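There are structures below to look over.
Both complexes shown next keep chain A, but they swap its partner, so chain B is in the first and chain C is in the second.
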Partner chain A sequence: MIEDKRVFTTELAVIGSGLTGMAASIYAINRGISTSLAGNTGAIAYTTGYLDLLGKADPSSCTIFADPWQAIASLRENQPHHPFARVTDEEIRLGFEEFTAFITSCGIKYSSPQEHNVMALTPAGTSKPTFSVPATMQAGVEAFAAKKHCTIVDFRGLRGFSARQFVANLQSEWPRLEAARVTFPNMEHGEIYAEVMARALEVPANREALAQEIKAVAGESEVIGVPAVLGMHNPDEVMADLARLIGLPIFEIPTMPPSVPGIRLREMFEQVFPQKGLTLVPQQKVTAVDFKAEQIQLSLRDNFGPITILAKTVLLATGRFLSGGLQAQHDGISEPLLGLHVSQSDSRDDWYRQYYMDRAGHAIHLAGIEVDDQFRPVDAHGKIVDKRLFAAGVMLAHQDWIRGRCGAGVALATAYRAVNEAHKLLQTA
Partner chain B sequence: MTTSAAGQSPDSVPRTVETEVLIIGGGATGTGIMRDLALRSIHCHLIDKQDLCAGASGGNHGLLHSGARYVFSDPHSAVECREEGAILKRLAPQCIEETGGLFVAVAGDDEAFANNFANLCEAAGIDCQEISTDEARKLEPHLSADLIKAYLVPDATIDPFRLALENVNHARELNDSTYHPHTGVIDFEISEGRIKAAICKNHHSGELLRIVAKQYVNAGGAWAMDIARLAGCDDVSLLYSKGTLLITNDRLTQRVINRLRPPADGDILVPGGTVSVLGTTSLRTDDLENSRPTIDEVNQNVIEGTAMIPSLADARYIRAFARIRPLVQNGGAGDDRSVARSFSLKDHEDQGLDNFCTITGGKLTTFRLMAEKTADLVAKRLGNSNPCLTATTPMPAGTSCRWTEPGASPKYWYEANNSDDMILCECEMVPQSAIDQIVQCAPGAEKEMTLEAIALRSRAGKGPCQGSFCGIRIGSYLYDRGYYTDRTGLHHMRDFFSERFKGMRTIIWGQQAAQMELAEALHCGLLGLDCLDDVNPSTENTQAPNQHQEDK
Partner chain C sequence: MSDATVPTINFKEKAIELLPEGASFDACLTCGLCSSGCPASGIENMDPRKFIRMAMLGMNEELSSTPWVWTCTQCKRCQHVCPMNIDISQLVFLARGNWPKEKKPTGIVRSCELTRSTDSTSAMGLPPDDFVFVVNDVLEEVREQQPQFKDMVAPIDKKGAHFFVNQNSREPMSEPDEMVPLWKIFHLVGADWTYASKGWAAENFCMFSGDEEAWYEVIKTRLDATNELECAVWLNTECGHSYYTMWNAVNRFGMEANFRVESLITYYAQWIREGKLPVNSDWNTQNIKFTVQDPCQIVRKAYGDSIADDLRFVAKKLVGEENFIDMQPNRSANYCCGGGGGFLQAGMTEHRRTYGKRKFDQIMATQAEYVLTPCHNCHSQMEDIGHHYGGAYHVVHFWTLICLSLGILGENERTYLGPDLAKIGL
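What follows is the complex of A and B.
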């Protein structure tokens, strides 16, 4: 087979297609920047679908912040190197609004972020603070807040989601909560998978059959909760149709990963981005980046052969250990693609505390890429590596997205700023 | 001594059970004594303040010594190992894999020492066959190219958890002898030169239990000195040696690989089902309760092990663990590994007690012999003249004990061919039916079992994800079956993940860093287990880590 030599020329090359890379692509598209997106999908299939801004400002306390803006103000004081300290509230707001508006327009409706965090439900029957939820989960937030009479329905054969567990853990604060189990239509035996169920519910006949099953167990409930399986490409329509058939509102609860809400986002982006003129090279890892004087050259390859992307600016958003953006060796942490300086503690002994659930969190999560106020990576002496290189997302140092409940917040806010900075640079060049 | 350390007067103890023998300590020795006594028709109760094999019995290589390891330092132990190994291979094959072993020397090792090895083995009656280094590398391709000597010996591996479970299960079947997990002795009622009762506490429920026995056996392992002192005996003197071992994600060799040199760090690599176990370090310690591996010990094992098996440098490690080994103090100085590894049985008669004894020291390979000697003393004191049967009676294979065996779960699951029996632990293929069986009838099963207790009785959580996924699934399943009915189940999940983490903390690099990041995102970011409602943030950091220690 003769391999094609494909060369793409863009103004901005985004490396990494997790939440940060996708958000950056949206911001770039909206600004008319010609953009390519490459790199591994990252951890997006592990997301719940919830977009957290900031749930905890001080890792050592368990105060859940209802007002994320107050939490951010407090965090800026206590953690002056946190990425949130380099962006304004206005930028965070605009970043969220632009992102949720875009995905809503593409068929996955998200609640427009309000002033406050909401308490969203987890598959274990706990709740967590988040900022924006998919429309398919909105009724769950409201039902929980109002303690409505609700039946949680689970499915025979779907592992890791037990309505009984959900109810057992929430019943003390949510009295009129009940559990029921149904058989998913045409999946009577063996293990069944959320992704397969979601695709099946795109078919109207399956919705009708499922609605019959759910109606039979709904009792006096005002609202129905199910694991997140309500369709893959048109979740809002699937939800509305099921609600109509059952005669009750219905909402989704996230499942264990890989979860449908994350896969929905990924598939939607992969479909929409090329239509919007973005050069998408999905699922392929960038293997080399060469900063030449006139342009930056990215090398990668797919099944059809090598690909070269020539870009004027680069945004690195390759994530942390799970996505391969950072690598931990027994003697230190490195950034494998560009060999960037990684801010980290002196010894492996400091990476993790003795107690896993220690409220103070673990130092390894604070390690990462150091940037300046324009989100350009800097070396160990604080000198920028290249004025055309930007970095964003959870690979940045001085934030613990897990314990802070701020993963989407860091992704969107830093991508927003970094793309705006790249835009400025492109305009002046 | 009738004063009570815990301030409990016997009157306030709600429940008394009577038995012939109380055994304290659920390690290989304690469970071995239980089975030995049951085979002599003597009824007993066994207690452990944690659970089976919580001490050194569960924290070693799982090596069934041919004896070759001891031919230099302790020829007597070498012969004992040879004899006991042969008995166990014959009678408890379900607990043993006859892997064979290799002793290898690499360039730089003392050749004179190595050359003497075959003669010493012969003197101890141990089969030992020199092979060429090429042949050795053909048998075990991971061996170093710098090999200078290689000998084949009949080493094997043994699953101590299976062994303890089988011991307890057989005793239960024989005469209804009973095992109480997480039950520790907190006081003895003593008068007229006899222990009248042991006051025991269930560390999960807080419930007290008064056990009245005719004979009391202290098989407390590293805790034996403390238990003896509780009974007023100060003739048990132990040294504590902390050993740290590492588990690789893959099985690197078919055989046990021993470094042919005086015992030192990182000189044994033992296969265990689908993994290999590297160790050990040896550090004198006084602290019985906080045996955690350190980064230095982990690094030291890897560096030393690499001399025999270079690929250990880049291997994926999934766990490191440290346990305290009790060594009988004999006044000798020097390296703890050169202390004679023989055992000691104290009858405590010179301490003014005639129904108490302490068995300590020794090693996993000789647990049966230690149990035999102890049971001989106990039986004699009870006037029971039945002979020991453990050297001739095969160990029956209990169905609820079979889940600890690597590769057993997928086999049974596949054979049963029931598509509704879903796999809960994907790394080790543990299905729902295994969890059901363990919760309902494994030795030490209880109404509301912790995930740690289930993991001890199965392979759940032993694979590369170290329970971070299956802990959630099994917890969910136990809720679903109604075993957990409130937030206690979430606490069990949190405690299980915290316990598994202890074994991961020092080896989190490479792929394990990604694994750990995902685990924490699930456990804390998604499920919020770091913020479970009942924990007071101001005291958690000091209290929570000790929670397990108290149970020891």
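What follows is the complex of A and C.
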């Protein structure tokens, strides 16, 4: 069969389509850099929707910081190799602002980051510090802070979210919290999914039917909380319309994966990026990168056949073990695409401490790619691999994003700096 | 149903054989994105994640005999959203093929048998002579009654024509006037095209019956016909699976095709860009809203988003940018409507409509009055679920709207237009 060759030429090739790759694409689009983005689905569909900056400066301590900036200052002292030590507060602020402004303009409104962390709700009925929340979750943060009279509603057939559990865990902190269960309209039987409910709520008739169900259990509540199902494509409109129909403010609580806030972000990016001129190769991993003198050649293929991307600069944001950015083998941890040097403990025996829940964390979570101040990967001797190659996100060494509650912070701040550095290089070339 | 039992497959073992090196169903994180995004989830108490987990647990008897495999349309959305890129549809294909013929849904088996019963490869069994007769008969009538098209042609077996064009049997069998708009388009752009008396038909349910050998044979007939006529392009009509069954088979079976396999949609877009099809939306003075259904077989499973972009380019030119509303999700992430995979032929009406509820909600959320789609199975399914669930929308082919926009749509070529458009441009 006679086939076409597909070759795309761009200034920046972003490899990886998690939060870091998405954020890098936004910064590149805003700077007028012609950009391609390739990568597997990534873990973005697993996100709660919260954007954390930094909740804990010292993983082994119990202290949760209300002021992330104070936490970052403390972290820079204690962990001088942490990626946050290579960026300024100003850059972090600007990175967050640019990111949340972009997604807000694309129809998923986020709170503009403030000076302080807020305490946000989790599906288990606990709270955690975060920096920026989707507008659909904002009323939950406020209701929790003010301890308003609130009913949490769950749905027959929806696994992974229990209003009773949520209330049981929070009751001591939040006395006027109640649980109720309703049947989602037209989903009376079997297992139901948050994603399906969210899409169903884009239809006005389904919102009206659900509002009736919720009104019947609302009692004297001042506000209603539901698992994150308030629409997929127009969440803010769905929330506003449901609030109008019920006559009470309503907010979302993140659910277990697969979670709606993550799918929302991914689907929005996949639609908006090509409209903004970005070359998107969704769902495919780059299989080879060849650094030639005149250009960098990326190879990959989709269902239709081979694709070549020719780029002037490359930003690697392939994440950690789950998305394949790092690989753990018997003899150590490697970076499979470019064979980059991976900072890691000398022996596999040191990856984990004896107790999984040990407050001090595990060495394996600090392993990752070493970079210089321009976020260019370096080899074991500290020499840069190629001045056109940048790396960002949680694949970087010396950070434990889960314990630090700093996943989005690391993603956005490092992508912001790396894209700016790539931009400088492109301008001088 | 016969008394025959379904032999048991060792799914885990087969999966290891089928998967490319390094890939593994063990990689499944059990996150459930597949099931959450699958319209067949819950039917027959099964879903894609459960299927994988049961395969890993060795529950081979249950998986070998579950009728769910006939309600999964093999649309590959599960793989599309899977962070580990696990392809469940190939296990479904395997399971389908493993069912004894007499237990498989009769409609799919019958369609495949009819496809192989004549050189036409028509799933409705229309023989070559009858096809040639209908084409010539309709052509003659149009040339007489629409003087503007007195020189229009519909060549058959024209050696060396640039395009080898296939035709869904539904048109020559039951609505022959629906062939005319496409001929008019070819006439207008000056395309050098031909039908063939052999291998002209577009359908191929043999793939959906899981019968690899039959699938190969049907494609071989079509491929030989195209090679014999020395056409440069095998041009697939407004149909989803006929493209996929050809394109995928050429690669899968390593067949020798001396031509390109292409979709009509990319040519609609090209001809509009080149000014050969000067369509516009001036006719849409009522600002009637349209949406587009992306057929899985040509978008997610083959071309990817590039053809979805062409679909939107053409649609917006036809109806006006402001009158186009996208379904959510869309393009490669779109939901299968439930008409594909042989579902329409399988006789499992209740399941098919349960599956189609998500498509119905997607369409209703757009509040569009019309759905455009270049796929006959999508077309039939969306009409059916519209009637069943009480939607007032219409489903139309692209060729209808192209000719409507150009003011050349004949009176008998308006089967799928609603009353609001029935008289426009007559």
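FYI, the second predicted complex is superposed on the first by the 427 of 429 C-alpha atoms of A that agree within 3 Å, B and C clash if a C-alpha of one lies under 4 Å from a C-alpha of the other, contacts with A are read in each partner's own complex, and residues count from 1 in each chain.
In this text, a residue touches a chain if its C-beta (ideal position, glycine included) is under 8 Å from a C-beta of that chain, and two chains touch if they have at least 3 such contacts.
All of these numbers come straight from a predicted model, not from anything done at the bench.
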Looking at the superposed three-chain arrangement on chain A, would you call chain B and chain C a clash or a fit? fit
Between chain B and chain C, whom does A:Arg359 touch in the aligned arrangement: first, second, both, or neither? first
So, A:Leu322: does it touch chain B (first), chain C (second), both, or neither? both
Could you look at A:Asn40 and tell me whether it touches chain B, chain C, both or neither (first, second, both, neither)? second
Once chain A of both complexes is superposed, is A:Gly190 in touch with chain B (first), chain C (second), both, or neither? both
Please indicate which partner A:Glu270 is in contact with in the superposed arrangement: first for chain B, second for chain C, both, or neither. second
Quick one: chain B or chain C, who's touching more of chain A? B
Chain B, chain C and vertex chain A (Cα centres) - angle in steps of 10°: 90
After the superposition on A, what does A:Trp69 contact: first (chain B), second (chain C), both or neither? neither
Touching A:Phe8 in the superposition: chain B (first), chain C (second), both, neither? neither
In the superposed arrangement, does A:Pro257 touch chain B (first), chain C (second), both or neither? both
Shortest span in Å between Cα atoms of chain B and of chain C, once chain A is used as the common reference: 5
Chain A residues contacting chain B in one complex and chain C in the other 43, 46, 189-191, 257, 322
Quick one: in the complex, what on chain C touches chain A? 29, 31-33, 35-37, 41-42, 45, 47, 80-83, 85, 247, 250-251, 255, 257-261, 300-305, 309, 326, 328-333, 357-358, 361-362, 364-365
Flag every residue of chain B that touches chain A in the complex, lowest number first. 292, 294-295, 299, 302, 419-420, 422-424, 469, 472-473, 475-477, 479-480, 482, 484-487, 489-490, 493-494, 497-498, 501-502, 505-506, 508-510, 513-514, 516-518, 520-532, 535, 537, 540-541, 544-545
Chain A residues touching chain B - in the complex, by the definition given at the top: 43, 46, 48, 60-62, 64, 122-124, 126-128, 157, 159-162, 164-165, 168-169, 171-172, 189-191, 254, 256-257, 320-322, 324, 327-330, 347-349, 351-352, 354-360, 362, 364-365, 401-403, 405, 407
Would you pull the chain A residues touching chain C in the complex into a rising list? 1-3, 40-43, 45-46, 186, 189-191, 193-196, 199-200, 202-203, 205-206, 232-233, 257-258, 267, 270-271, 274, 280, 282-283, 285, 302-304, 322-323
